[in-house]
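Below, each structure is written out as structure tokens.
First subunit A sits with subunit B, and in the next complex the same chain sits with subunit C.
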Partner chain A sequence: MSLNIGALAADSRRRRILVLAVSFGLSFLAMIILILVLNILGTSVDIFLVMDKTFFEPLRKPKMVALIFFWTAPLILTGLSVAIAFKAGLFNIGSQGQMMVGGAAAGIFASNIVPKTQALQFMNRPLIMIPATMLVGVLAGIIWGGIPGVLKAKTGAHEVIVTIMMNQIALSFVRYLVVSQTYSPFVDKSTGDAYGQTSAISKSAEIPLINSSFSTFLDWSIVPTILSAIIIWYLVEKTRYGYRLRAVGENISASKSSGINTNFAIISSMMISGGLAGLAGALQVQGNYHKYIFNSEGTLGFDGIAVALVAGNSALWIVISALLFGYLKQGSLNLESSTDISKFLIFTLQSALIIFIAAPLISSKLVSLTEKISRPRNVESEVNGMSQDNGGGTGGEDTEGGEI
Partner chain B sequence: MVADFAQIKKLGKQIYGISLVKTILSFLIAFEILVVYLWILSATLGLGKVYNLYALNIFVFRESIDTTMLRSTVSLSVPILITAVGATFNERAGVINIGLEGILIWSAWFSVFISYTTGNIWLATLGGIFAGALLGFFHALLTITFKAEQVVTGVAVNLLALGVTEVLNRAIWEPARSAQVESFSPVDITKIPFIGDFYSLLILSNYYDVPGIGGVFRWLPDIFNALNRHNPLVYIAIFLVPICHFFLFKTKYGLRIRVIGEHPQAAATAGVNVRLYQYISVTLSGALGGLGGTILSIGVSNKFISGMTGGKGFLALAAMIFGKWTVIGGALASVLFGFFFAFGIDLSAGGIKGFVVPIEFYQMIPFIVTILALAGVIGKARAPKSIGIPYSEDEE
Partner chain C sequence: MSSVDIKTPYSGSRTPILTINNVSKYFPGVRALDDVSMEYYPGEILAILGENGAGKSTLMKVISGLYRPDSGSISIDEDWFRNNIESGALTGTDLVNPRFTMELGIGMVYQHFQLVEPFTVYENITLGDEITKYGFVIDKKASIEKVRQISEDYGLPIHPESLVEDLSVGLKQRVEIIKQLYRNSELLILDEPTAVLTPKESQELFATMRKLREAGKSILFITHKLNEPLEVADRIVVMRQGKVVGETLPNKASRESLAEMVVGYRVQRKLDRKDLPTGDVILKVEDLEVIDKFSGKNAVDRVSFELHKNEILGIAGVQGNGQSELVSSIIGMEKIRDGFLAMIEGEKATVLNNLSIMERLKHAISYIPEDRNKEGMIPNFSVSENIWLAYQDLETDAEVATGETQQRSFLSMFTIPINLLGKLARLVIDRFNVKTPSSETKMKNLSGGNQQKVIVGREITKNPRVLVINQPTRGVDIGVMQKIHEEIIKLRNSGTGVLLVSSDLDEVLTLSDRLLVMYSGKIVADGTIEEIGMERLSHLMIGGKEGEE
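Up next, the complex of A and B:
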């Protein structure tokens, strides 16, 4: 199954941006409709207050802007995680579970295994410990993402279903590891709190803050994040491996017959995908919380899907798209803390966005409609130099043809 | 390329059945694997004392035919069961719906809301079913008419349902849980005139004092006693299983749905309105999921709590796959999953003295077995051929 979705399936950059703009507009409209429905149901919600808190508040104070960047870092990684699987034609919904497992593994490694093992004391210095903890998170993610990859390649098990199952297994397994006070050796038992967490990680594994007077959230984990984005961009766009990956994503049977090792492409892309999500989990533990807190990743793994879709799965655009979603996330948190509206309001915007991008026919029909109205056809073909796609065929329908 | 319609028809008939002997045998094997799994976990995690494997077998068997355990199995599995039956419909029609989790939470909320505003539980049930059907129809609209990528819109449906219910819940009731509303109370079948007398004959615990057979009956699961005293929706859901099976596998409409899932172009050639059947199947699946959500909220509880579905929609998806895309198989798989949960709750609360395996290890069993089933380790699960591909007339 090849996945060609909306924004990236659109044929030109101009049209892609148009489709995105229309999708954003429609999603925004969907959100406003929900607020109106709330008003009809009898709760008085000031729509201007909602807009102000969500969209303008995050930009007012520097501390808030720092928080946007704080949310952006894990979103970049989960977005990349979803995107690289998409490149190979796979849909990894498992970023959530992979991130969770990565975070838990990193937290347990740095809080329990290294400090409590005599033989590993030589590791207990920042130069070794910081990368080692990251690596543990990445490895855990690789295992969690690799299993669906191997099963897809060897047995044809649908990766979407397997990753959903892996998410649920991760949820149970991590809950055992860090919540189960009586049974698990890794739970912080000092607090007696029902809220599951490991004890604090070793000081040497912590990633320092960039500037503690500017923000107590923003840390240097943005650096490995941006580095991974660049590496993934290079890997996908510039190397032979990336070319093969994209070929498998475009047409698996053609790639197979032209001698590409499709199994390797599937397994490795899922492993990289899992590794990136695992890294996101580890960086959260090392950078900010300094311990693994159960469910502290919230919905960052699922948000990665929207991040990747909006960016058209291009690694560099993911950075921009993650920034946008980081901004929305902070806005929604502001909204919840100052009004009666749940932060999940932003989910409606996000899901509407996913829908319009996944169903390219809706927005690209609208785009072609407006194009037809706004200018005569022959002028358009001159301007764009793309007379071949004038027949009203939109991105979505073209996708259809290419899918078989 | 038009495939032979008769051939497809034959194929459809071949793949629907699951034989009874095979099912019982696999239940037995599953039981033994469960015991060994628990034994290994208990021994390696070093939480309780190491049990004799034979004694453990007896203990686990005794525990698993316990009537309280079986009763909670029924109440835990029925929401999953009816959702899994619904999922069979849309998958057979060639549409993946991973938005089931969203359908569950959305209809659970909606039925609580209707019950809150009208105070009528039956109206609330209809409202929940309607809400599920509406979301199912929405998914159908996206995937069939707009030909969206089905798994991606499924994710969006989940997010949308979660977002909308959370927003509405917080706006109407302020905290994360709703006010207490009117809900269903259990019915005692034995109290119903005429039918009740017959039903009493089936309850094994009534014979425990009879010499001879009483001793034997203590070693048999008291199924009909466990099935008694549930809320009415549970019986409706159980009653719907054979009806759905009959509809999907014995009628021409069901055959058409199944053929669409295998080869929509062939169905279209034979004059079937492919899109209409897909729409009906996906909406029906939403409606059954809506019933599942209603059972979860006003069926067994009297309020809505955020996150109350807790992955049950995904569990239904797993049950449907584990049941090999059949109604009966999906239902049995749901019962098995419900059993694992009830068992986990029971045993981690100290059902067997000195034997502890954390409840999380029971909770992950359904997902592990589904992955194994998908990977072909347990039997051979095969999805309908055209699943996930939006239908269009001019292909192939």
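Up next, the complex of A and C:
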């Protein structure tokens, strides 16, 4: 894959922090310039108010801090979902659809299937229902992610195309299941015209709030989320399976000739990827809405791509990256609710951030420049020293060279 | 330290057009160029000879302006270049950068071609400096005419309208050269130009180089092959470990004297091999057919042979006659259409046809692929992770190789045994003398020769029963070649059967106990070199029939 997403992963840790900081600074600057230009053109946006509402107030008020974590949790999962597929060299754009299917399946399972089936009543207690509902979401995601994986491995169908189409199928299929009142048994018809959601899930499937006096949003689903991040990190970096996954992602021919079952790596990584997105969907239903609401995912699935990109696909960095996005999201919502300024202003910042990160050369050049100023001689540039001679072939001096 | 004293054996009162003064260039952990000085005179073919990692390519990049030297300077006789080309005003004289050198008329032809494959020849040549009419429409007729004219002027036949992707490697290189001529390059720098060429194509290239010199162009080419400078150069500069170690003229040098300068010690071509009686059959191939994906024809056509213990079986043949397909099918990278393939262990024969690659590896077959960058290694993985690639499901082999038993626990079934990786890496690095800062250095940061040592090392330390090796020493220098040859012989002495493919006939002849000659997917001769005879061998390799010599 010639996508630039992998580029950051190669950077050293210190350098990545620098690049991240510089990118953030640049996008911040871009936003301020945008506001100033708009002000000159006739709007009257108070920059200090924007700064305060977006960046400082969310950190001052504990309730808002809780909300940051609330937004962060699903972003971690969808970010992991994108990252693990990417480790195997696959660009999974389908986390959105996988999350939707996972949420819908979990919602239908806990609101209709278990409560309405006599034989399943034994399950209807928290100790079983909470993990079981999560599992149903994961399984639905595994199926939704596994299909593009199988198609890729067996027929060579490009995963980007297939996952885009799977997103579309998910959207239509879930709409059919929970919006269409005439045909679907799962639609909540009790609310009159407010279709588009399942009836409430069984109380036993709900994930409780951590502390209702602290926040009425933040629930215990943050625990399985963080656990997932740790497990995925361990899986990718420390296990034999992860080693193979990375090998396949880096060089599929070399992996094949070393006896690695590349098809298994492709299919399984897509299944794990789908499962993580599915879990994100299920946790939203269990912790937050207590029913499945059509399209309640917003763009959390797609945002996972940005989260993974910023984190360079490293599982532990994804937690930090998701926090950053959660923080910006809460800031933008706070801005919109407390002033008449649209949250889309902050979205421009987010988007600019992604551009600066996706084009690592910009910020990387700036970082090199500052390094050069502080250490004028013999800069440890990214030019790969020892591959200067032929035969090395893959010298990486074409990117991120401090010089030239 | 003063630089090596360079006399200028090249006669004539001409002044140099390019002078390199005490240039040094450092990379993290390496001194790529160490106080290098040399001069270049117009109209000569200068060969820069040296091993991989000697600093040749870095020097070229410094000259072309891609790298800035850390100390020292390069002076270019601009007047000379200006008088030779009519290009417009030049700027930034003291700052050498790629654009400047290009405008000045220094043209680089890289080892890896910079061509747009789906474009035609003339489109590639004019790319970046197109001939247009009305200011923006590409003048196809004029472009083709111009390309044809250059091609006739310099005697480099090419069809301007054929697609580059359809051309052979030799012709692609010709396109690159014509591209530089189109841009009025006066000095051509060729980076390892023969690395990708067949022997015949190399000869054609040398003819081209001589023609260009007659037409008044200057050529600087870098190589690690000893015979090439002797054949085509006017002057030879030898580099070793970032330094210029000497300079000579082709008529005063020999392969041996060059080899001595290149590696710094006298090369022993004699390999320590004892004559061993041929052992039992270990691999049996019968009526094997492998299909060619593109043409649908048989790339390997009903091939039968037996490989014995203690034997190196060399496959001689011009590249592209089915050798690669044959060896890839043995490891399972290519599907077998018909026939069978079996490992023989005493009384027991295991048919390999339907086994996965991993299962074949577990039968102690080792495979060293032809293209190390594509199939042999993972550039972004560390050296130790690349070594682990060969051992990952063969942990007992790893334990035998390192002589250490791992503690087994439930968790160790799933995790990478870091200790074992480290020990394996130490083993390979020490035994094969791999030059790397550490076992955790990324593979892509090693020179080509050291990468090959890692790949060959990890397979040989596995002590396989059958080693299938394709191009064991492609693109590596003499020192590495010697080491790899020694290790292959050692492996053979220990009882392994080795199936060897190489485009270097010398290599096949030196190493092999027995030869198979392949032509057009078929085996046309099978026997020792004495049985076949040199003349008959070269006759058969190019498709000659028996008895029509």
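By our rule, the second predicted complex is superposed on the first by the 358 of 404 C-alpha atoms of A that agree within 3 Å, B and C clash if a C-alpha of one lies under 4 Å from a C-alpha of the other, contacts with A are read in each partner's own complex, and residues count from 1 in each chain.
The definition used in the following text is that a residue touches a chain if its C-beta (ideal position, glycine included) is under 8 Å from a C-beta of that chain, and two chains touch if they have at least 3 such contacts.
The structure presented is a predicted model; accordingly, all values stated were derived computationally and were not measured.
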Partner chain(s) touched by A:G259 [first = subunit B, second = subunit C, both, neither]: second
Subunit B versus subunit C as contact partner of A:H158, first or second or both or neither: first
First, second, both or neither for A:A352, with subunit B first and subunit C second: first
Touching partner for A:T239 - first (subunit B), second (subunit C), both, neither: second
First, second, both or neither for A:F48, with subunit B first and subunit C second: neither
First (subunit B), second (subunit C), both or neither touched by A:F122: neither
Contacts of A:L309 with subunit B and subunit C, given as first, second, both or neither: first
More subunit A residues in contact [subunit B versus subunit C]: B
Shared subunit A contacts, counted only where both subunit B and subunit C touch the same residue: 396, 403-404
Residue ranges of subunit B touching subunit A (in the complex, touch as defined): 45, 47, 96, 98, 142, 146-149, 151-153, 155-160, 162-164, 166-172, 174, 311, 314-315, 317-318, 321, 356, 358, 360-361, 363-364, 367-368, 370-371, 374-376, 383, 388-390, 392, 395-396
Partner subunit C, residues of subunit A touching it in the complex: 10, 238-241, 243-244, 246-247, 250-251, 253-261, 378, 380, 383-396, 403-404
Subunit C - residues contacting subunit A, complex: 26-30, 32, 52-58, 61, 66-68, 70, 111-112, 191-192, 195, 222, 331, 333, 356-358, 360-361, 367, 369, 373-381, 385, 388-390, 392-393, 414-416, 444-449, 451, 475-476
Residues of subunit A touching subunit B in the complex: 1, 3, 5, 34, 38, 41, 43, 45, 91, 93, 147, 151, 154-155, 157-158, 160-162, 164-169, 171-173, 175-176, 180, 183-184, 302, 305, 309, 340-342, 344-348, 350-352, 354-355, 357-362, 396, 400, 403-404
